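Alright, structures below, take your time with them.
You will see two complexes here that share subunit A, one where it goes with subunit B and one where it goes with subunit C.
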Partner chain A sequence: MNDEAYKMFESVLGPDNVSRDPGLLDAYTYQWLGEMIGEPNRFGPFRPACVTLPSTTEEVQAIVRVCNRHGLKFKAHSTGWGLYANPGEEGVVMLDLRRMNRLIEINEKDMYAVVEPYVIWAQLQAEAMCRGLNCVTIGAGSCTSALANCTSLMGTANNNVSMGYNERNVLGVEWVLPDGEIVRLGSPGSGAGWISGDGPGPSLRGIMRGTFGALGGLGVFTKCAVRLYQWGGPAELPSENIVSMDERLLEYPENARLFVPYFESRVMMEEALARIGESEVAYSTGLLERGLLTLGLGVDNLNSAEMRESLLPTIPKNFFTCLLVGNSARELEYQTRVMNQILEQTAGRRFEMMEQEGFRDIITLFLVKGGSVPAKAVFSPTGSFNPLLCGFFGTRRTLVKGMDDAEEIKRKYIESGLLADDMAEGGWSPLIMDHGHMEYFEHETLFDPHVPESTLALIMLTIETNQSLADKKLMIPFASQVKVARAQGLSVHDSIAAHMNCDYRTWQRQFKQAFDPNDAADSCNYITPKPKA
Partner chain B sequence: MMEKEKAVGVVGAEHVLDSPEILKRYSCDMSFTPSRTPSCVVRPNSLEHVQALIKLAAEANTPLIPVSSGEPRFRGDTVPTLGGVIVDMSRMNKIRMVDRKDRVAMVEPGVRFGELQTALRKEGLRLPTPLSPRQTKSVVGSCLEREPHIIPKYHLDHSEPLLCCEVVFGAGDVFRTGEAGGPGTIEEQQQAGRRQKIPMEIQMNINRILQGSQGTLGIVTWATVRCEVLPTVQKPLLAASDSLQQLLELAHWLVRLRLGDELFILNDVNFAHLMGTKLEMVNGLKEELPQWILLFCLAGYEFLPQERMSYQEKDASEVAKNVGVPLYETLCTVSANDVLARATSPSEPYWKLRWSGACQDIPFISAFHGVPELVGVMQEEAAKRKFPLSHLGIYVQPVCQGHGQHCEFSLFYDPTSPREAEKVKELYFAASKALMDRGAFFSRPYDLLSEMVYNRDAASREALRKLKNIFDPKNILNPGKLCF
Partner chain C sequence: MALQDYEKSMNYCIRCSHCKWIPFNKIKTKRFSANCPAISRYNFHSYSGGGRVAIAQSLFLGRSEMTDEIRETIYRCQLCGSCQVACHLIGEICEPLEIARELRIKCVEDGELLPEHMLMIDGMRKEDNPFGEPKARRGDWAEGLSLKNINTDKADVIFHAGCRFSYDADLRSIVRGAATLLLKAGVNVGIAGKEEACCGGRAFDVGYRGQMENYADDIISRIKAAGATKLVTPCADCYSAFMQFYPMIRKELDIEILHTTEYFARLIKEGKLKPRGGSSLRVTYHDPCHLGRLGEPYIPWNGTWKKVWGQLNIPDPPKQVRRGTGGVYEPPREILRSIPGIEFVEMERIREYSWCCGAGGGVREAYEDFSEWTALERIAEAKAVGADALVTTCGWCERNFKDALGKRNDDFKVYDITELLMGV
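Let's turn to the complex of A and B:
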């Protein structure tokens, strides 16, 4: 890379915090799903020009300004998860934000925490729970950056039902724009604390993100306030046999109760979920379909297959988990009675095996502490997975359509033998958000990254599923679409816009042009300032 | 300037108004915004009308000032700064959809709270509303202003309860926000079972940009709003104290534990103005009431409503006991039921004008700990200018599920007294500045305060000007407002 620029980075950060060691740089191309755009070994195609390690907003600003001056592209990286985090082309300067790891403030009365990019959900949750609060730890896991999720990515989590999607769980934000200007969204911009991210006047949160964030395409977020919510359980949930199927809580929280109901049909399951939403009794909800659940239970694939064979016949198809947490014994009692009534009305039955000690403890931890898709189940059988319908937001009449559609299409691909056989029942999801006002579903799909035909099958399945959703006038799941678009070297928004009733690209592109005049922020997951040829 | 004949060609002669009496009504409002007479008022009735008007205005460089709500107006945002044409949206007053299953309604800008609530009630739904809005207040207008409502647990975000909308930008393009943008047309989406509920686009959220823009970026032609289940039983309760801190503490825990639905705090003056039915009663209440009053309402829905009420009442009573505040069903002869009824219904005449003739509001957002201090700042500023505290209304509304407090000071005065009006104007500016200096966040800077607000946040001002240039490059929509 440009030596002059490199020296400037060194002068800003000190030589210890800049590197262009090829071995080190390759680490920034190594990502889950890198195989979709690069080699089967998960390395993406583009090695960064250098990596910088800023520790303050001012240092971030200085790096961004140097990049603008020298015509370099840059991309921020916090905890990184998936090919979104890879550089999108040659010569990108990475800003690894791991030194910005301060949990600056927890405001108990206004229920928020101010965090830097490298504060992870687990860290935030541990501090919050000591204060009777909790956060919306996302499905990607408790080891991911809270700030990156709230400002730049998604926000699906089991407790979305009671605490909402993370697009709305951010308050004030500090943002280094792609041209190096710093803007503080909402109240921090007026020197009025972190209490609001909207205003004065029109809210700039509207360009920061939508259902998804800009995924690095619109600058670097350096601080934000994340909303916290009441947690009625104990300050800690100590357990033994951690990270195993035998994990047990030392003491089950007295004000929590787990329900695992199952139903004759998806329609009845959705009906029960809608009633749970309207009655506002659920703290956390989750779907882990039996095909996915039973894929990676054992210590190896053979052991998993044996366990699957014995377990599968006992697991019903349409079940979900629902955790009740009362702030008093009376509230828990009321919630329990409502749940029983709803199950009675919707012919739901209790999957008792899952409600008993053992599964109960694991599921409860999963629902409280942020249930990632179980990493073992999705990575160990074949080496990798990718969600179909990642970003499929539905409502009352569309969730089941999306679930059925994905299952039907996927079955064909499983029959080809190129994808793991999850019986086309690989769903993971919080199912409902905001007490049923939004619904969500995604369908994990295990493939073998070392077999190019398997990766290709995954891509073709994703394309076919998304096309089918678009044909049915249902939402096109962006997070799935962006990966296949990148795999094909296409612009993701070009592939979506054709289905829309107005060309949203016009506006998004103008945001990019206005706020990134030198096209310095890596746009591989966002939009380019000019249409691609 | 847009020729009248061309506007007539779009909406018809009967919907282009330019009599001096009509123009005068749009030339000023109850605020201190300098009056300016528009050239005419046009009343479109469709998306196509709005598109055509924007096209004409762009060709003729004519300012358009969109107005949804009826009189009396208060904020100065619909008073033309540079003259131009008023686009009165009140003819677009259809409720296009109410859907019980998805708890959503689609309304045009001319729909008012009273009409919508009646339609929703028939379906077992309700829309959380601002505190007793005036009868002429547009639902869409209120959403676009980020006006807070009185049910904190359903105030999921400052954008609530707006979901999706259809807008014509100043650049002339039609855009549908959130999932309303596709795939498919609105009709195709609805046929597929979609109800325009997801408010975000893929990587942007145009709603957030439109909200708070005071009609400077686009004109909205319909919107969907998030509705909630109508309670089957309700029990409102009152708490009162001379300590604001005590009631804030109570409110914090009730909201945090999600006990109750409607919840707000008023000072004695606002409470008397809201609930008084005769002047003697207003004055009597001001004398008798404790300084601060909190209303919250327990509710039961479809499932085990009485049981819900019962546990909530017991838990809420424990919270109140811990805070040291008794709960009442009646306070100084005013029943909690009456307060709830008044607070959740549109008022005519508007309660802020019923006893004083005029009112200047100062709305802002504060952190929890800032509220008592900011109340003190306001009282000090009032005292400095000999403005009687008996004319100072205070409203504290927990917002965003307890992540912040909306505060609103109301300066009640007699508009027929120029001296009094001048004193209130001075106080309005001085107090607003003092409040900003002490941490109040003016998230909705109306008219004359805009400069003061944006001078504190130059980076946001510059960013917003870029947005204005994108959505309304010719600056035809409500020019002169905010920082545009």
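Let's turn to the complex of A and C:
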């Protein structure tokens, strides 16, 4: 790369915090789903030009300005998991924001936390819980960046039902624009603290984040405030053992209760979920379809294979999990009565095996914290997965359509033997967002990254599923499409916009041009300032 | 094994960064949530367990070549194994610890050596210990204890002192105390004295596999000759070498192997040992990596991965998933709870996900500042739970903690569990 620019990075950061060693850079090239876009290994096609480790907003700004001056593209990541974090072309300067890891403030009174990019959800949650507060830890896992999820990339969570989607939980934001200007959104923009994302001060949340995020295509976010919520459970959930299936709570929280209802049909299940959302009694809801549950939750893969054989037939098809957490015994009793009434109205029955000690503890930890369970379930069996319908937000009644559609198409791919055989029942989902006005579903698809035919089957299945959704005028799931678009060398929005009612790219490109006049921020997962030839 | 034997394993890192944290459900505070000293100190992803897997695959595929920066990255790691514990909570094919070790073996094979490690190996070759201290003085620690000499006498128990305890004068009271406790409990115990040799674990850790093989052969022949039923060591490093490294290179010790804490806990239960206790003390316990997660018995595997349920990977025959759960965790705690006057409190990072002391993997020898920084992180954690003292059961840990504290004129106390049993 440009020596002069590199020397400027060294002078800004110190030589220990910048590198262009090819081997070290390959650690930034190796990526989950690299197998989808490059060789049949995890190295994607583009090795960064160099990696920088800024520790302050000013250092980020300096790097961005050097990039603009020297015509270099840059891409920032926080915890850096997934194809979204990797460069989309040659010569990109990486900003690894790992050193920006400060949990700046937890404001108990106004119920928010101010974080830098490398604060992960697990850290924020632990600090919040011991103060009687909690946050939305997303399904991607406790290891992901709170800031990245809030500012840059979608992620849903089992506890969206009680605390909402993080698109709305982000408050004040500090943002280094692609040209190096620092903007503070919301109340920080007028020096009024971090409590609001919309003012007094500029309100640009729609541009910054929208539903899915710009995935690095609009600059670097260096601080943000995350809304925290009342937590009625204990300050900690002490457990013994570390392996998920063996993990046991030392004491089950007295103000918590787990329901695992099942239903004759998905339509009835959806009805129950809608009523649960409307009644505002649930702390957390979660779908873990039986194919995924049995394949993914064994102590090891051998155990999973056994569970798939012997346990699966005992599990009902249409079930979900629901955790109630009351602020008092009386509130928990109220929530329980409401739940029982909803189940009575929707002919739901309780799957007692999963409400008893053992599964109960694992599921409760999963529904409150996430922990290792989500990653264990989807990665351990085959070594990789990609969700179908990732980003499938819908209104009432679209959930069942999406679920049915994915299951039907997936079944024939499973018959080929190239994917994990989850009986096409690999769904994970919070199912309902906020208080039930929105539904969400994704269908985890497990493939082996070491078997090129398996990776190809995953790509073909994703394309076919998304096309089917488009044909039915349902939403194209952005986070599924972005990866297949990259595998096909397409721009994700170019592949989605044709199916929408309006060509939103016109607006999106204008934002990109206005905020990034030199096209410095790597937009491989967002939009290019001009249409590709 | 060699790097090519991990070809499949290298392709199964998912780049999730679990290798950088203690198990998420165990996090109590942000301050003590990290598990890996190397990534915590040097920050580039290449320093993490996953990053090392990427480096290994890059070298293996010929995408990059060895450079000074990569060699530094490879050796700036204690091989404490916390990355692998975390990794194996979500998978089982990728083995970041074994791959990190294979990188070092490759370095040695390719002549990519560190002078500090060469000095250590030279000491082993000449005097059978990593310090280069005279072999003739190895048994001096036992002077006047009336222990049997297993080179000439039969004994039920072979007491293997290890290099650190044999030569570190500051730790002499610990090894003498341990032997004394065994004698008091009526154990028929003997030592090899000046004939005792290094276990070779430290050599293996810095990539000198052949050096350890020689020591393993030596110990195996000595055990056979002694006719003992138990091999007991106060050294966590040696314990790990016997339990993990030797089976890894297919050298089996046909004898029951016990760390002193395991044996003491057993003797206390049997009423043969009575903890004396001393003044009241609030202590916390540091799980040494080599006694905990790296003390987990290694079960050799020479199988293949086969497919069931479409693409589900299962090992044939069954393969151990190394998560450290089979390490030695309860005996030291049982002992601490049994000592009158001791109030025992846990730190945040314990058992399988304990933070390393910083001394392992050749880091103490080659990167003193990193080793010290790692130790101070642990001491900060001990202080954070209000402990008066940090208790450990490994001479290397104790040495490293004491050196780090000494440089700062910090009088925070560090004890071996044997000292508490003896009545500090």
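By definition in this document, the second predicted complex is superposed on the first by the 518 of 533 C-alpha atoms of A that agree within 3 Å, B and C clash if a C-alpha of one lies under 4 Å from a C-alpha of the other, contacts with A are read in each partner's own complex, and residues count from 1 in each chain.
Criterion: a residue touches a chain if its C-beta (ideal position, glycine included) is under 8 Å from a C-beta of that chain, and two chains touch if they have at least 3 such contacts.
Owing to the predicted nature of the structure, the values given are computational and were not obtained by experimental measurement.
Partners subunit B and subunit C, once the complexes are superposed on subunit A, both fit on it without clashing. In the superposition on chain A, A:D448 makes contact with subunit C only, not with subunit B. Once the two complexes are laid over each other on the shared chain, residue contacts for A:L302 go to subunit C alone; subunit B is not touched. By the document's definition of touching, neither partner reaches A:E264: not subunit B, not subunit C. Using the contact criterion defined above for the overlaid structures, shared-chain residue A:G383 touches subunit C, although it does not reach subunit B. Contacts of A:V51 after superposition on the shared chain: subunit C is touched, whereas subunit B is not.
The superposed model places subunit B and subunit C at 140 degrees from each other around the C-alpha centre of subunit A, with the value given to the nearest 10.
Shared-chain residue A:D179: touches no atom of subunit B or subunit C. After overlaying the two complexes on the shared chain, residue contacts for A:E464 are found with neither subunit B nor subunit C. Applying the stated contact rule after C-alpha superposition, one finds that A:H499 touches subunit B and leaves subunit C untouched.
Closest contact between subunit B and subunit C, by C-alpha atoms in the overlaid model: 23 Å. Per the touch definition, subunit B reaches subunit A in the complex via residues 101-103, 146, 156-159, 173-176, 179, 181-186, 188-189, 191-195, 197-198, 200-214, 217, 226, 229, 252, 256-258, 301-304, 307-308, 310-311, 314-315, 318, 365-370, 400-404, 436, 439-445, 450, 453-454, 456-457, 459-460, 462-464, 466-467, 469-471, 482-483. Contact residues of subunit A toward subunit B in the complex are 107, 109-112, 164, 167-168, 171, 177, 181-187, 189-193, 195-196, 198-207, 209-215, 217, 227, 229-230, 274-275, 278-280, 327-328, 330-331, 333-334, 337-338, 341-342, 393, 395-398, 401, 434, 436-438, 469-470, 472-476, 478, 493, 496, 499-502, 504, 506-508, 510-511, 514-515, 526-527. The residues of subunit A lying in touch with subunit C in their complex are 17, 19, 21-24, 26-32, 41-43, 51, 53, 79-82, 96, 98-99, 103, 119-120, 122-124, 126-127, 130, 141-143, 236-237, 239, 241-244, 247, 295, 299-302, 304-305, 308, 365, 369-372, 375-376, 379-384, 414, 417-421, 446-451, 454.
Note for the complex: subunit C touches subunit A at residues 8, 11-18, 20-21, 23-30, 33, 43-46, 50-51, 53-55, 57-59, 61, 63-67, 69-70, 73, 85, 89-93, 308-315, 318, 321, 323, 325, 351-353.
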